[in-house]
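Step one of this worksheet: look at the structure below.
Order as written gives the chain letters A, B, C and D; numbering starts at 1 within each chain.
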Amino acid sequence: MAIIERPSAEIAVAGAAPSGVKPSEALGVFKRPAASTSWKDWLVTVDHKKLGIMYGVAAFFFFIVGGVEALLIRLQLAGPEGKILSADQYNQMFTMHATTMVFLFVMPMVSAFANYFVPLQIGARDVAFPRINAFGFWCWLFGGIFLNTSWFLGGAADGGWFMYAPNSSTLFSPSHGIDFWVLGLQITGIASLTGAINLIVTVLNMRAPGMKLMRMPIFTWMTLVVQFLLLFAMPVITVALFLLSFQRSFDATFFDVAAGADPLLWQHLCWIFGHPEVYILILPSFGIVSEIIPVFSKKPLFGYPIVAMSGAAIGFVGWGVWAHHMFASGLGPVSVAVFSMATMAIAVPTGVKIVNWIMTMWGGKLSFTVPMLFAIGLVVQFTIGGLSGVTHSVAPSDTQQTDTYYIVAHFHYVLFGGAIFGLFAGFYYWWPKIFRKQLSESLGKWNFWLMVIGMNMTFGPMHILGLQGQPRRMQVWTEARAGEGFFNIGFWNRIASLGSFILAVGVLLFIINIIYTHKSKKVAIAPLDPWDARSLEWMTANPPVEHNFDSIPTVNNLDEFFHRKYAEDPNTHEVRQVATAEEVLAELNAHPDEHIHMPSRSYWPILVSLSLPIICYGLIYNRLLMGVGAAFLLLTMFGWAMEPSTAPDDDFDPPAPGEGGGHTKELAPLG
Amino acid sequence: MITTSSKLFYGLGAGSLVASIVWFIANDGGSIGSVALLFAAMSLVFLGAIASFTRDGHVLSTDTASHASSGAAQRGVRNSIWPLGTAIAMGFVVVGLISSPGIFKVGIGLLIAMLGEWMIQNWSERGSSDAAYNTKIRDYVVHPLELPVGGALLLAVIVLSFSRIMLSLSHSAGPLVFAVAGAVILAFGTLVGFRRSVSTRVIGAICGVALTALAGVGVATALDGERPELTKAAEEDHFAHRPCGEEEEEADENASQSVSAKSSVQATVILEGGMLYAEVDGFEGAQQSITLQRSNPSTILFINRDAEPHRMVVKYGKVVEDLGGGVERETELEACTSKVEQDGQQAVTLTVPKPSYASEEPFEITVPGVEGTKIDLVVP
Amino acid sequence: MNKSPRRRIMAAVGLMAGLVFLAGCAKDAPQDTWQPAGPNAEQIDNLQQPVFLVAGIVGIIVFLAVAFVVIRYRDRGQSIPEQTHGKPALEVTLTVIPVLILIGVAIPTAGTIFDLAKTDDTEMVINVTGQQWWWEYDYPSTGANAESYGVVDPIVTSGQLVIPENTKVLLRVTSRDVIHSYWIPKLNGKKDGVPGRVHLLRLEGSKPGIYAGQCTEFCGLSHAYMRMETVVLNRADFDAWVANQLKPYESPAEGTLAAEGESLFIQQCSRCHQVNGLTNADGAPIIAAPEQYMVSGAAPNLTHLMTRNTFAGAAWDLLTPECRDDVWNANTEEFGARYLAGVSAECLNQKDLREWLRNAPEKKPMYADPTKLQATDGKYRGMPALGLTEDQIDALVAYLLERK
Amino acid sequence: MADTALAHGADHGAPHTTTGLSNNKLGMWIFLGSECLLFGGLISTYMLYKGRVSAGPQPDQIYDIPFTSVSSFVLLMSSLTMVLAVSAAHRRDDRNTNLWLTVTALLGATFVGGQVYEFTAFYREGLGFTTSLFGSSFYTLTGFHGVHVTVGIIMLMALVGMVRRNRIPGSKAETVELIGLYWHFVDIVWIVIFTLVYLIPS
């Protein structure tokens, strides 16, 4: 077998150079980057696994940023007439908390898992467009950094993450915060769109032989649904953001009421994007949980086709419910009734999933590892969030609840108790696959329980706060209107603030767990298949080699890996082990493919994406800088277009027997 | 590779970047200085990159073998147009200095481009003794800039020239010329496509001549100016004030029927059977009086059920501006739709600055040409 | 490890039950959504209570199922279970049940939506206009307003909306700048005031009293300080209130502190704040010009300031806490009289009012720093600091106390 | 711009895919699906706002239907020449591929020139970007389309260069076809815009 990833040094610049001149010397520094183990490789890599890890690390950083913002908000509200933050700072804080958590934590963390595991789960060697994948990551990262530089450049956006017009126009928000917000989201939007195209093509086109759609793991299924949602939702918000930035930067009149504009245009565009966005955030966690519960129940997912199809159904119906965010916005009664009914309808496929998870566990052999605990936590907490969601699908009831803390409670149960618990389940579940070591189970349990207690203490009381009439986005609450008795609004606010710090300690324990696991000598390398898992990603080396599979497996079953390890007696239904994971892997690797061509590293993704924040700074501060950025963009895009994705055939070393791809020096032409 | 001189540039660049950030923080977000410093940083890094790229101009400083074979010593010097280009650019600069800053800026840009090309060519010609190879490495370096910029310029020349020509043609001749242009391109393509014997050189020549002609005519027409109607329209700006009397005007046949999409207007004013009445959300039946809030942008929709076209006029007092020196200017405040055909509808959005009781003239909605019917406007 | 899942489930169930219980515990929250005081809010309440109940029952069933599964099927060394992929009949059943429940919820929901949107039984119409960060109310002098309720001239007020008892009032809600939302939880759900649009909201109070509310659509810097109250009066008291609002202006007696305050008001305040009937030295009426100074082009009308109990967007009380309690806690019969008494000199909340006059933007966050108004061409959003001396404040307070 | 992971074994000349469509083509189709929503949003904005003219001219006061019809026709013809380019590419006829690509680009450039003319003329007649809601939404919608055409022209020119130098990785015919897909899409969008914006009375 020869894994050939690097071009050889022997090739000249498309034709013979004069003798004595080595092209690598004549061509200056801009060579195609070579494989290396140094930090530089992370900048030029196109490997989906490395990009997945980078997504994860950076997203977790933003999780901490968003978490600190949340803690500041809760500190401000811990007592009456809070003085920690000024009104202006408070408004920036909750705007950026939501923006960070949605666009810079959950979405990219989902990209992290999807990037890393979708190719592994479908038996592919990489994604369909590896360089575009890298480009997407850098766009997202630079967009996120750009967005957050606003803190240091005159203040962040202060219009709320929903950014309702006309409060977002320069008249009402004169600082540059919203400009940063709009442009930053445009840049991260490019990442979402390219990522969506990439993963859709990957899933549709690059499945291993025998991997029919209905044999795909549910996580891949949910990723596919989510990418379609992104594909169609991103352009809508892109239009809205363009309208807003034209309004702010070029005095367009889109939201100028004196010129006859209708501010509801923004709300419609925002929520046509915004509601599918909710499913974009939650469905991947459903996918993760649907992977984990069968593994730790030792049973296949109950009603697999229904779970897959209900995910798709949520994706479809999710397009028809956006106006339930606008029940108080002055729609006519007919629209309100229609959207109210549609919202109730979407509860059905969601409920189906919960039923199926419980039925999967029913009759199983349950082991309560940390990933399983987080998964069960999701089932319970998401149920609470889902049921409170049903209470405000009842539109008249929603007119009492909307824009109160009841809504805050609802969507934190859905997004924290649901989406983030799912992600944490994923962290614990897949950690040994990615990083070779298993996170400590005992620390993990502390982590889980503190998060459960903190989460319910923080967001549980918010139900009461909302029903007792405390609106959202309030910089202060006053004792004068907190009501009488001990359990008044003030009491529940204090409890919520206390809970948020318990929650923070829980998250801190996760970080401590990581450090402990990787620093401590006592933690051994994890076995190949620590959980007795069921899907293809575990049928790889630990961690997976760059090309994932030495030979592509042929898939005959749902839960292929499980079926290679276990055999079931057709009559007695007795299940017994026939092979260990090591044996399965050894068998798969016995006949490796020859000539595996992996895509070559490239400078261009990071360089092209670097030009975008330059253009955006230019738009805000100086149009000349915009020109510089545009020139840079043009140059780098040309470089990209001229570079073959994989260095051509004759650029490769002949297979070196027994060596498996030596560390050869490389060169590929730039122009 | 980090060469000696690039270290200097990179260092200065990093310094400027830090200075830029410091400036920003020190000046509480003051932008001009830091943008300037940021520019400096970017330019310096760019220069550093060129220095790295060209290895300080020492192509083969490490390659003793090729020094020995004296390949680099025998320079394959080629003809160069860059000195000429530089001279022309300098001409632009000088002319620009005398005449207009626009030409000056073009000249400076051109000068930088030409000097850059010249420099790169010089560098490439010291690459080896092989002219073809030298051309290759030159192209390798400059093509990423030359090709996109050249392409963009080509496109800009075609688009701009063409649009200038169109602007100078008469309103009726425009579409004709446009159609002819399309047809010529198509015919040319068809001809060449089917006559395979035509040589590339001939095609290139034809294209070159056509392009030059297009650019020439474009410049000529641009200098000549746009067609008189357009200049006149720009001067008169006849849409700036909408007539509010009984005047006729053209093009109202389909007066904004989509306005009905706008729900929740403040009031709908309807002319029917010679009577004017209003429908107001929340009030039952036809109203003869509308209450509007002061300073509130309010949209009023007009529906004409009369067979004749009519317009609605809203009068809401006057403003008195103090122009200084005891001179005052009174402006009547009125808003009106354009003339609306039968069953057409159109909205006006107006903001009433003063309450109605403060005005001597009544605030009212009327339809010119239909006497004896009006709607009172109350602004508390 | 054996016990933990069970504990967790118990905790979750306990929490849910606790939530329901404790929500009832905190009595007298002024904006409680579960204590309707008018037919509209009651209709919503009658709809939502069963929904909450059903949701609670479904939740508890799910928790019990999870608890059962977690306890019953945990790994006790049993053999690997049969690899079953599902039972279609069971799946269909478990899908149909929620569908049926939701249909049961959907039908009354639709009915209520259309009921609450009815406008043909309206008895009174009031325009409600939001701006940063207070509400203006104007009572049009047309139709039933004039004929049945004696509103022969438009009434403009702010902060507290006054409506007659058991009357179907229709609010025409709009906004002058950004989106606000009008919400009196005990009387009805909320409705956004969107600039350029008019939205209709029914309001009806079945018992005299004051009902608090708050702007619920994020509207910028001082969103937290944008409050409102709706006062329900019985018919006789309401007529008295209308008559008082239409009463002609009386200047303070010559030589009093209040007269000094009047001239100060004319100099300093009447640029933006209208006091109906106030005249110049030459007898010409003074028309405030907020459109020149304010982004929203409006400022509260202060003609009858002291008939209201609140100021500055209903963020602070004009009454001292004791006097406020007297009004708020009055029984149904006495309430009207106490409310109509307005703010007396003894009851005036001097502290907050003086702080406000001294430096308004310090008390309530507003865009009123004259050096930072480039984006708005120098126009304010909110009241600027006027730099008044203590003597001037004394005079102004004396003048304002007479605005009844 | 084409980018492929050769992930399925040795046969990297024509990588095996599950659907049989190449990754690039599938990717382009999916991208165009997303673009539909982009133009959908812009067209909706225009349809909402086209009648809202509080100042300046109204749509039917400035539209020059004969001119726009001709320019639409020119753009349609460019779709025809694009088809010829694709068919030439399938026949591996580099000369005519390049010829028709160039002609397509020229027709596209003519269209963009026409749009620049139209914008200038409208501006002179009093319709600025900030004049009214109609102005803002008209320029935004047609401007976005113009930018798409321009990007298409740039891709066509780059393609001509790459065909000449044999720099196209993978299949030449497929790359031409991909750009062709994009070009046809932009044309179809224009047909929709022309109908909804210009022909259907405001």
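Definition applied: contacts are C-beta pairs under 8 Å (C-beta built on N, C-alpha and C of every residue); 3 or more make two chains touch, one makes a residue touch a chain.
Remember, it's a predicted structure, so these values are computed and weren't measured experimentally.
Across the two interfaces under comparison, A-D and A-C, the one joined by more C-beta contacts turns out to be A-C.
Averaged C-alpha coordinates put the centre of chain A at 32 Å from the centre of chain D.
Chain A and chain C have centres, each the mean of its CA atoms, that are 39 Å apart. The centroid of the Cα atoms in chain B and the matching centroid in chain D are 19 Å apart. Between the CA-based centres of chain B and chain C the separation comes to 46 Å, rounded to the whole angstrom.
Each of residues 147-148, 152, 262-264, 297, 299, 347, 349, 351 in chain B touches at least two other chains.
Among all residues of chain D, those that touch two or more other chains are 48, 52-55, 158. Of all residues in chain A, those that touch two or more other chains are 257-262, 330, 332, 642. Which chains touch which is summed up as A-B, A-C, A-D, B-C, B-D. On chain D, the positions that touch chain A within their shared complex are 1-10, 12, 17-19, 21, 23, 26-27, 30-31, 33-38, 40-42, 45, 48-49, 52-55, 129-133, 135-137, 140, 144, 158, 162, 167, 169.
Within the complex formed with chain C, the chain B residues making contact are 263-266, 281-284, 287, 289, 291, 293-299, 349, 351, 353-355, 358, 378, 380.
Chain C contributes residues 119-120, 122, 125, 127, 129, 136, 138, 140-143, 154-156, 170, 172, 174-176, 194-200, 274, 285, 287, 289-291, 294, 296-298 to its touches with chain B in the complex.
Interface of chain C with chain A (complex): residues 1, 4-5, 8-9, 11-12, 15-16, 19, 22-23, 25-34, 41, 43-44, 47-48, 51-52, 55-56, 58-59, 62-63, 65-66, 69-70, 73-75, 78-86, 90-91, 94-95, 98-99, 102, 105-106, 109-110, 112-114, 116-117, 132, 177-179, 181, 183, 185, 188-192, 194-197, 199, 212, 214-224, 295, 365, 372, 374-376, 381.
The part of chain A that touches chain B in the complex is made up of residues 13-15, 17-22, 25-30, 152-154, 257-260, 262, 330, 332, 621-622, 624-625, 628, 634-635, 637-639, 642, 669-671.
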